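Here is the structure we will look at.
Letters A, B, C and D name the chains as they come in the text, with residue numbers starting at 1 for each one.
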């Protein structure tokens, strides 16, 4: 019987490594018992509620190598521990990759952006309220989904790609990275690997208890934005109930390369409609080579929502998503 | 017995009794022994309102807990204790921060300022505080320390914000009384006072 | 071994069964491996004394009709796929397992039902029946079986029970997920749901053990011709004579 | 009238403490030897506690004891309504069952986790209509499902068909539990040329005060010192002494500041949990702190009643509201609730002066938050429902939306409500005109429904009302030889500053400079008079009367002493410059210090030792008895007033609604108050802007969700409940007031706190409706998803009229 409301941090150990090797060694030793702590804005709630009970926190923010925004030969590399405020205000990003800066500026609240990091925003866990309440649902390793049931309160849940769990990707920066065709840099004690942002996020069909491809002992250390999409025409919009603190009901990120009025190339992604940021490849294919018009935008919106499977209370997300894609294409 | 260990325990004992004047029951008692190597040291010195304070801080302790229950700085309020209200906003190196949602150990190298630290040595209110008084910005007052700190943080970064900029900067602070308009009037008046 | 059953809290915080502890998977795997290894060692030690194997040369008789072999291999494939897709998420293998799992589950169910119907009405059902007198067969070298000897019958019936249990629990679990045929209702009480997962898990463990044992014996050299017969359908008359009592089983000649 | 203090801004004494963080709320206190209590609350929406085994917990080191129902209710748990201190039959998730005190919170929590409570699970329900239907689960003890305010528990059932018809949008056909009516409704509809008829729902959601209701208590010298949170000071203390079960004189209630009330903390029976540390400290003889978490604040707090209603309104060709027929099923939550539905009907009657009104009400429980008063309980739920209907009528009848409100306006001399109560005064037409002019309402009409890309402009005007004043309370002022005026103030400090602004009436009566006044308040051992619970927007009206009266008593006594000592009659004396003096020769007289000195020499009635008003409440009597003889005393019992002192507001707003995202922005908003003379302009302005934020929450954002399948709450915190933020509210809110005096109040004042929310909710809902070509949702809130669904023609699988759920 769980019958006490907890809101104070439980006893838990804290490590504050200051260099990469130590951090990776700790992550490796502790595995899933070690909680990777960045800004902590998706950490303390879990711990205070006693709904996640790791043995120790490994604070990553003291590793300078994983912070900051640097220009590279083929784009920009952003340390995963860079705060959202820094990203939102960074001159390189605001000038060349505005879609990411905009997305970061719309996360949560100013104070959360001040300590919250890009890595934290990308790796945050699902916001399904049943899951957050600490119920032993599928995502928590259980055998039931409370949200997708005949009377489940699933207004904020998935339109696509649900498999037992119907939670959605809560991140605002994730769709921006997918639109930018970013590369995720993942380090572990045994080395480094990279993968595309699109592949980084995984749905419940493949892993119902984790939202990213990070394995135990691995740390997301950086995100690389390719020069290919620098200075493209960008669009980011987030619709949420409240204009502060809220997670998107739907968000959209777009990067478009225009040749005059014609769409030369485009990448589009929506958040909060699937457990992963949903890249809209069919829409992209339909847009490529077309000249931009209201009719095309309308068509793109409709194409974007094809195959949506709404639940009890999220039918509105279908027209909302269509409209946001339409607006993204309209520019 | 290792003499160093004994001495360290002794120091902890002194610190603990020093803190007994304030509440400590919210925060959980220490498991002093058998802590793994490499984990943080509990006994730290932190800069709060310009004073270096020695304090025994549990690894998991939030800054709000340390301020309220170790140092007796109860001006920092806990409205939700999970980053959803802003009442616990303090400045760390001039950056508005939810004290309920950062660890003290994460902030230990920073310059921490709470609402108690704003008045001048002679007891003069900070311009933001003065302006909030003049505009009667607070209602129930529970969110006020957080609003004050967010406003002070803004004015340090941007001494002449527009009303819209002030609104954005303070947007991480809930006021259930709905005194937003009065707080913004206060910030705009503070701009004049500064 | 820490535990057999995993528990969780239901929506109101009461403890209910969540399912089988997957630590048992390792226990079962290790146990089966040890037993089979022990068996292999003993057999290897005894091997030299037993050199007069029947020859595959000569006339051939039909042991398994083509249709039966197809059934067998389809069932084998679906069971292996079920085991693989079921275990993958436990091993944190990130594959899209659930659709494969329920589709192969449905295939298996169909095959099993068809097999039961066929065996009852079109096949020699009696040949697989395990009679009380069969139990003395392994201890009496003078007794030879009909089509299936004791161990084969035992394996078959054990597999029958376990597969039926897996199917029955699996079908009930199938109702708890969204499929092209229906949307899940989540109407089963959580304690019953947990029991279901537990039974499915336990029967899965048994199935893993049985399947490994079955594969092991099928690959053993002594009676490898039974495996061959499940592939090609025939066995030699010599093999027949060495193992079976022609009065109890008279197979037709193969062409 | 030229006042010295009334109508002027001042710095209330507690503001300094608020901006410096020095003012203390209950949880900011600590005490030597303090131990910590934590609650074990029900994980189940409705259950009976069969057994509690706490032996393992009590055997733990550092555990000081357990507090159960048997401790707090030695004579058995009360069967009545409302929140209990602790209960053995919880009717909602999170209701406290027992408490454990320990050396620290962790130990208490660990101990709680070792307590085995055996529950018997009982039927529960989340939507009242699901309980009302024949065969539906009954969520209250004893298999009942209904509680009627001031009547009691009942079991109420409708046939499946009756519930289905209602859900389908039709007038309920079942007998209501309550009917109140006046006028000839049939005739009214017969002469109507426009009739609107339809069902509606409004959300009941919690107060979400920022200060959780933590409390700390200890016993010293036979007295209980209780630090807690409340909206009212002495009225709350008076009540909580009864709940704790101790004599009033043994309680010292300390409550210098309260982190928001909004109706839920005005009376002790809505915060009975503060009795837990009080009882605990008595039992274990140690100071006990009970800190309350945000989640607990939600579950042991309360919420507004939600409505599932049907309304029919008829308008004559000239726009006059002929009749209004209202049928409301109120969501009474888990512990019984109030009379919001009646107030809703009352509000329509008052605001629109309908010729005939019928109110029918039925009250059904759900196993959700306790329902109690919340800022304009009833008046404000109906405000966003009626407002777009007024607009539809105006459009239909060819009137302007301002005009239709003006022809229906309440004015002095009018009566309102089913009881046909006359107003003390009423100036709604003036308020409408003032708002319309300040907002340039007519000038903006050209922008109405104008499109700009995907955006469309909506204009809204709305009105708010709440009865705003009471009487019959007590006042005490004191003066010592230093000549300073000690104003004993029993009014709570919940952020309205009314405790200070009403005290200004005493200063005003004695023409005292504010610097020479001290307000004694914040803790009851300062010996404070009783006053009405600080709810119902009454404080300004009620307590300016008592303050004025007590000061007048002091004034009269001053004149008596002066006349006796210095010659002449009372009416030959007046006061000015902190002196009582002859009118014809100001040099003959006493300074206030001298007259106080004389009073103390004379004693008797001058120092409260005799000739006290006979009607003083027991609480005041205790205070007076302790003050008696210590200083010159003015003491007063306020007689009952005549009529209904209304608080009115009018709001105009302009929004821009994006038809592609369902989001809107409030471009301009002005609220005009009509609440008699304004005592404290900054305080008035704060009530108007605060009410505006609340109105936006009600109309567009705030929600209250419980999972229908298992009764667990989904909106326990600020994030999930969608409390409005800076960026959901306008960057600037304009305010103003009519400022005409009310004759029933000595300084002309009436209250404003609650109407300020209703008019904004009404105006905003009207503006949303306007932007959507007049579509009437019949709902509060109207959330983003609802707007998108309306525009896109999509639909959720929502249950029509659902409560504690999404509306789709």
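We take it that contacts are C-beta pairs under 8 Å (C-beta built on N, C-alpha and C of every residue); 3 or more make two chains touch, one makes a residue touch a chain.
Values in this document were obtained by computation on a predicted structure and should not be read as measured data.
Top-ranked chain pair, ordered by C-beta pairs in contact, is B-D. Averaged C-alpha coordinates put the centre of subunit B at 65 Å from the centre of subunit C.
For this pair, subunit C with subunit D, the centres built from the Cα atoms lie 70 Å apart. Centroids built from CA atoms put subunit D at 42 Å from subunit A.
Between subunit A and subunit B the centroid-to-centroid distance comes to 30 Å (mean Cα coordinates, whole Å).
Multi-chain contact residues of subunit C (touching two or more other chains): 11, 13-14, 186.
Among the residues of subunit D, those touching two or more other chains are numbered 43, 105-106, 293-294, 709-710, 712, 718-719, 724-727.
Shown for subunit A are the residues in touch with two or more other chains, namely 1-3, 7-8, 11, 146, 149-150, 152, 243-245.
Taken as a contact graph, the chains fit none of the simple arrangements: neither line, ring, star nor complete graph. Of all the residues in subunit A, the ones that touch subunit B in their complex are 7-16, 22, 26, 37, 40-41, 44-45, 47-48, 56-57, 59, 61, 108-112, 114-115, 243-245. Per the touch definition, subunit D reaches subunit A in the complex via residues 38-43, 94, 97, 105-106, 109, 112-113, 116-117, 293-296, 299, 454, 660-663, 701, 705, 707-710, 712, 714, 718-720, 722, 724-728, 783-786, 788-789, 791-792, 794-798, 805-806, 808.
Looking at the complex, you find that subunit D touches subunit C at residues 43-44, 121, 709-710, 712. By the touch rule above, subunit A contacts subunit D in their complex via residues 1-8, 11, 129-130, 133, 146, 149-153, 155, 237, 239, 241-246, 249, 312-316, 318-320, 323-324, 326-327. Only residues 11-14, 186 of subunit C touch subunit D when the two sit together in their complex.
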